[in-house]
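Please find the structures below.
Two complexes, one shared chain (chain A), two partners (chain B, chain C).
For the complex of A and B:
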């Protein structure tokens, strides 16, 4: 993974000092809350319902065991002993005090971490594929490009006071595992006609109250021009994006209002003007960054060793876990393992300090000290030997981290909702827990098969309900918490779709029943066990679901 | 009111003024630069107004003035200009800042001196780290 050099280290240290000074000026009253707010947000500090929250960046999801131990230490020392992994591959601490935050940032800087631009109307932490460097279908490893974007976007002087937040995702595989069409800018690494590396670019995807699938603005941007092209997009947005209404301020609305063709014209015109004076990133700098992502030294092994087959036969629970939580590795004899942060009845994405320490130890023992955070709020151990999978599984199981549910109904995405969030209409976490308990039987979940279920506590859609195969949205119904059911969403680039509302909302208990009913409709209608929920939904449409949900009421 | 300036040789000067400095041209955040291109050519002092510190259009205007319109004169930031933003303003090409009432000039100077290393090439001529890395390696 990437390591800081003296420049990176100095920039992060300087930011800590700057923020310390800003906190002191806020405490002394020199800064008003209005003036302080964007400054703290740009450093990941939110004011939630009950306390401050600190969001720490895990750039494109890469994490070392050393960093994980530091996160455990922070959870224990400055928080209530746990942290929460988010859908943007970051981690949040829910209970730090404002005056402790500069100290926390010092501690993070010791392990080359920070909270820079994890919030605010600026370019946010760039997200990517958690299986980068692992998946066999890669055109190119997206991580070096993500790191280049991290550096380029850090304190970008021109784009720190944008109309609204700005999210970029990049993926490098034949399959998109970074939901690139649901970001302000989505990038896929592609090869041009001559075989050279470049990027296909989408703009204006996103969720929130106006969900949009990103629109393609260029099929190929040469790698060397990536930054000047992105600057052209951002300049057009910074100058012409709406600032009069925060609900219309995202770039997706600008694309809507200008129309795609005119938006593209504006960007191209801007690019032509600025491209000449831009210095492309030198080849050797790209090579320097790329070198950090070279694979670790791995043994030469065979796939499916005898030990693995024997262990699968011996223990059905292990076998079940292998089926869902193991992703095939491009290196023979290895696997990438999902550490489920979705125990039955648990809070999606929450992890205790003790679990973090244990996961760090397991990363050292089994995965070259490396970890990844996923947008589904799980963790991945990217370099596990297949002949050690059984030993890893037993160790994870002891910590309640081996639920065999990756990609299944209980592998839910849920936002913090009304338990923490000041904007929420309704609670998300208890609904997630209820549904998880309702589907507690793992065999049943495996029978149901691949199904994404996403829950947001309000229309801001932090829980990605728009792109869940089943989505649940918390709404306010005359002062009561209520929930809408949404079906048919899909986050992947090829099949990207925004879910449709089924009809009238449900109570907190009702929504759990409704979810179960929707699953029952799928089971009754699927062609066979290989047809997934979303495939059946696409084939049979909304009507049978509506009927089951509302007609009998 | 307090004017903070960056001189040709990179020094930071602070002056107390009784009236705002006169500009040849004052641009709002929605200025059409093509429409004023002619007056830009002869202008010595151009002001860009920030109606609110959170309105970042002025940064892109400055960048365009410097990098696309070739403006070389003094570029003055006026309006809701706060000390925590001046270093960003300097990077996109401003070299003078009329601070908002109550802002401390010594904090502005601190802000301007703070970041020794930057990740982007911009309008201020500061070399991004990727160029320095290359030089370090060559040395």
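For the complex of A and C:
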């Protein structure tokens, strides 16, 4: 894992002191709310429906057990005993008081954490693949690059007041697990013709009210030029991006308005100008950062040890969990394990302080003290010995953290919605809970197979409904909560697609039935159990789903 | 003729509060009721005078049972519907 150097530690401490002073001045009346609001947003503090909300950055989703224990302590001491993992690999606390937040930030700084770049019109916390460094299909570990991007973007003076927020994702595997084409900039680590490392770059992807699939702007940027190339993109955006209309301010709209060809020309022209004077990323610096992400000392083991096979045979529930929640590791004899934060009928992404402590202990016992947060609002233990999977499973199960549902219908993404969020039109969580209860039978879920179901409480799409195989969007229909059904979305780079609305919306009860009907249409039409929901949808199209949803009404 | 209450978030802790007399309460049932004209005048006065006590002051329409008529305002007044253990939803 990355460890702070003295510069990192100093800027984080300085920022906490600055914010402490700002809070004091706000409370004393020296700062008005209008003056204070942008300052608190630069420190991850929102005012939500019921209280302040603090969003803490988990850079590229990587967490240590020590950090997790600190999050548990914060949840217990300053909040109501729980936290919420978000679709951007961050964690939110729902109930901190404003006057406590400087103390919370002090505590976070003790474990090299902060809330910088979690809100406001800056380059946000970079997101990445939760299996970075352990996935067998990796071209290169994306974390050193994500860390380089973090260092470059934090307090970058030129990019602190962008037209709008700016999100970057980076993926290093053959399969894209970071939804790179739904970010302002998406990066994939690739190898050039000579075998050297570089990046394929997409710009202008995003969700929200104007969903766009990112457009490729360069098939290869040499690694040493990453910074200067991204700077060129951001300069073009900073110059031409609209500041007059919040809804047209994202870079995706600029790409639309300029046209892709002209946008690329502008970026290339800017790059050629600045590249000459820019310092390429020094080899030694890349090597220095890379060293932080060296794998921990691992034993020399064989895949599929006898203990594992025996335990799978002895316990069908364990076997089911292995099938979904265990991801193959590049090191023989190891596995990456998903800790499901989606118990049947639970609140997606919520985790209690006691669970956090337990997960931290399990990370120490079974995973070299390391953890990852995923954009699907789960956690990952990246270094588990296969011969210890059964022991880990039993321990997780005691805390209701071993639901065998990763990638299945009840592994839903759901934003906080109207239960917490000041911008919401409708509740997301109760819908997620109802659907989860409806599909409670895990055998049935395993039979349905791979299916992403994403729920947002408003068009801002924090719940990624546009890219769910099934998406649900909460809307306000003359003062009542209503829900639109969206089908066919896909977050992965190769098949990236924005879902299409099926037709008229549904009531809260109706949307759960509609979801079940959509699944039934899939089951009735799939070629065989190997054809997933999205594959069937692509083959048969929207019509059979529409028919089932609306014709009988 | 609609009846209203006046609500805000308390500055120092962000919690939802309701106007009663010259002060604030966290309990919806204790909230004072106003005519829309009274509420509008009160909101303006609080905005001018209580900048260090509260933020986001506004008036909310309520029904005969003194419950906000809009779903959003009901949830805001009573807490997350999915966490009865920590919210005031039982009051409703």
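Annotations
The rule is short, and it goes like this: the second predicted complex is superposed on the first by the 553 of 553 C-alpha atoms of A that agree within 3 Å, B and C clash if a C-alpha of one lies under 4 Å from a C-alpha of the other, contacts with A are read in each partner's own complex, and residues count from 1 in each chain.
We adopt the following convention: a residue touches a chain if its C-beta (ideal position, glycine included) is under 8 Å from a C-beta of that chain, and two chains touch if they have at least 3 such contacts.
Since this is a predicted model, take the numbers as computed values, not measurements.
By the touch criterion stated above, A:430 is placed in contact with chain C alone, chain B being left untouched. Taking chain B and chain C in turn and counting the residues of chain A each one touches, the greater count comes from B. With both structures placed on the common chain, the touch criterion links A:239 to chain B but leaves chain C unconnected.
Shared interface residues of chain A, touching chain B in one complex and chain C in the other, do not exist. Across the complex, chain A meets chain B through its residues 5, 7-8, 10-11, 14, 17-18, 21-22, 30, 35, 38-39, 121, 151-152, 154-163, 227, 235, 238-239, 243, 273-274, 277-279, 281-282, 284-285, 288. Per the touch definition, chain A reaches chain C in the complex via residues 26-29, 32-33, 47-52, 80, 96-99, 347, 418-420, 424, 427, 429-430, 433, 479-481. If you check the complex, the residues on chain C that touch chain A are 9, 11-16, 51-52, 55-56, 70-72, 75-76, 79-83, 86. Contacts from chain B toward chain A in the complex involve residues 53-57, 59-61, 63-64, 67-68, 82, 84-85, 87-89, 91-92, 104, 110, 114-122, 129-134, 137.
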